[in-house]
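Remarks on the structure that follows.
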Amino acid sequence: MKDDQLKNIVEAALMAADGALNIDRLLQLFELEEEKPSRDQIKKVLATLVAECEGRGVELKRIASGYRYQTRTEVQPWVARLWHEKPQRYTRALLETLSLIVYRQPITRGEIEEVRGVSVSSNTIKTLLEREWIKVMGHKEVPGRPALYGSTKKFLDYFSLKTLDELPSLAELADLDQEHPELDLGAPEENDDQAKLGVVTDSGEIEIVGPNQTRH
Amino acid sequence: MKDDQLKNIVEAALMAADGALNIDRLLQLFELEEEKPSRDQIKKVLATLVAECEGRGVELKRIASGYRYQTRTEVQPWVARLWHEKPQRYTRALLETLSLIVYRQPITRGEIEEVRGVSVSSNTIKTLLEREWIKVMGHKEVPGRPALYGSTKKFLDYFSLKTLDELPSLAELADLDQEHPELDLGAPEENDDQAKLGVVTDSGEIEIVGPNQTRH
Amino acid sequence: MTDNENTSQDNLQGELPFAVVKGEPMTVPPEDLYIPPDALEIFLDAFEGPLDLLLYLIKRQNLDILSLPVYQITQQYMSYIELMQEMRLELAAEYLVMAAMLAEIKSRLLLPRPVEEDEEDDPRAELIRRLQEYERFKKVAEDVDQLPRMNRDTFGVSVLQAEYDYERPQPTVDLKDVIAAFQDVMQRAKMFASHHVGHEPLSVRERMSRVLSMLHVEDFVEFSRFYDVEEGRSGVIVTFLAMLELIKGHVIELVQAEPFAPIYIKPAVKGDVTNELAEDEVNYE
């Protein structure tokens, strides 16, 4: 198969698809053995297509679940007028809860409440579960076996992110011990919260590192 | 407005729109008098965009109701395979919305949200309308005149029902619950298959690995 | 945190309205402790909880969290709590717990401490840590809100296919699943007890839909045409009940030109609702 034809098929498929397509999915479009491109060929074509969007109104974006054509944020004010419906706004409570789940996953509802200082409404959790931005990753083996929540690929897709690594960084905790030695803040490792965020390893995998800590 | 910006807006709008857009509709995207392009400008931009599709996998076609992007017939055999695979399953949100419409018809979206405690996405309603399982039966004469949804004959046909009366009543449902505990789906977070930690691998797939250890 | 960061954050806060009172965005919180009763509830709504309120009180004095001025802050906090009580607002337990914690810290700082206990934890440390922790997530939640979001900042591309001769496979659904979903949602909503749903026969609901369908075709239908005598007494009653339900719900209206003239059913009069959002849209927002 000629490069041009391959590129056209991939472009058309990505534009016609409802969501993102990954390389495996794109490979499935080619049924005949003799026409099946290699992964590298697909990757090369994708890179060309990404480059061809330069300066245009749409871009080919790599997100968590694959590649997706989407409109550029620069044209948002005009394109949004196509629809009458206003985009949903989220409350601070929902955004703060979501942030805690994303940055400190896996985390229980109790632990979220501890940081926020207020109870988390069931509605907030329900909305997040329903949007499939979060999911139950397991249960904490403490009395009551509370659910441990974590973020999903859908969450990344929705915010056009490839990995958790691309999220805005969490502000560092100021070092109380150094600036205020008179405040004896106890064990230093309790301040080390960075270890909560998923870390992308060399192989490109996301690992949730660091056990979830609770403070008493 | 610069020509490039205008072109990008028109391109993005046409690509994001559900159907064709005509020149009037495109002009409506520009609200401010000073940025509003002339019809001739729009026509010129459309001609450029048509030309830019030369040799690509999609084309900008002029049809009776306006302009729309569509995949080229040459790539159709491959693109069509996107939909060969098995259809996805409906979400729990959709099934609950459907069941409320069936059992409590005629019902407004607001009333569904009241019972479910979470907002109902437009997509859910759209999917059900497209499937022709529900339809708008009228409007409730309260502020906003919200649509009243009800089930259709197609819904009855699909489930091989002659009338809605053949559906179990609520009293029967309670009995059913006792006789067939397997029907009780339980709270979503209790699902065992979710009690795993997902890890995003290189290929963009989610792998299920064992539950994350937690420290106490 | 440096002083510079502190100032820039304050500036940022100043630009965003933290509450809207009668349509007017309030960018500057009330300076003193007197807050007009109407505004108080909105004012408190602007806070996500006791930590948020404390952060605000600290920021208002342009102070670093690290140098938490327990005395002033406690006093201010208590005044707010008192005010809430005066307004007889329902006090969230979390606010009271925080008040107790502040009082405890204050009392411990007031008490003279024996020299050997100097090494003991500063009682402020835990509170400072919590405030810092909360502030980090408050900030990052704002950042997450700014991320480009599908259907707000960016939109998916949906290009049509050239040919339409394919039938897109639809998910199959088992009736059992629909019933189970209903059962589940009703159980969750605890509607069995409070709304007597069980007493409303499904047939009435179905008939309501059928009445509406007839009105969908014609706007004006004669009353008797809705009734099919062949259905017998129970069928007629069900139809009548359905009509009463629809009238009660302001969906349809009965019209009679003069006494003994035929009665017509029509969709309820469209009120002037141009300026109001659809009910479902309001809920959706």
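In this document, chain identifiers A, B and C correspond to the written order of the chains, with residue numbering beginning at 1 in each.
Assume a residue touches a chain if its C-beta (ideal position, glycine included) is under 8 Å from a C-beta of that chain, and two chains touch if they have at least 3 such contacts.
Note that the structure is predicted; figures quoted are calculated from it, not measured.
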{"item": "Smallest number of contact steps required from chain A to reach chain B", "value": "1"}
{"item": "A-C or B-C - the one linked by more C-beta pairs in contact", "value": "B-C"}
{"item": "Centre-of-Cα separation between chain B and chain A, whole angstrom", "value": "21"}
{"item": "For chain A paired with chain C, centre-to-centre distance based on mean C-alpha positions, whole Å", "value": "25"}
{"item": "Where chain C touches two or more other chains at once, by residue number", "value": "155-161, 281, 284"}
{"item": "Residue list for chain A, restricted to those that touch at least two other chains", "value": "12, 15-16, 58, 69, 71-72, 79, 85, 88"}
{"item": "Of chain A, residues touching chain B in the complex", "value": "4-5, 7-13, 15-17, 21-24, 28-31, 55-58, 64-66, 69, 71-72, 74-75, 78-79, 81-82, 85, 88, 106, 122-123, 126-127, 129-130, 135-142, 147-148, 150, 152-153, 163, 203-208, 211-214"}
{"item": "Of all residues in chain C, those that touch chain A in their complex", "value": "1, 48-52, 65-66, 92, 94, 98, 119-122, 124-125, 128-130, 132-161, 281, 284-285"}
{"item": "Residue ranges of chain A in contact with chain C within the complex", "value": "12, 15-16, 18-19, 58, 68-73, 76, 79-80, 85-90, 92-93, 95-96, 98-100, 102-103, 115-119, 157-161, 167-168, 170-171, 173-174, 176, 179-180, 182-186, 193"}
{"item": "List of chain C residues in touch with chain B within their complex", "value": "155-163, 166, 168-173, 175-186, 188-189, 191-192, 197-198, 201-203, 205-206, 208-209, 212-213, 215-216, 246, 249-252, 267-271, 273, 276-284"}
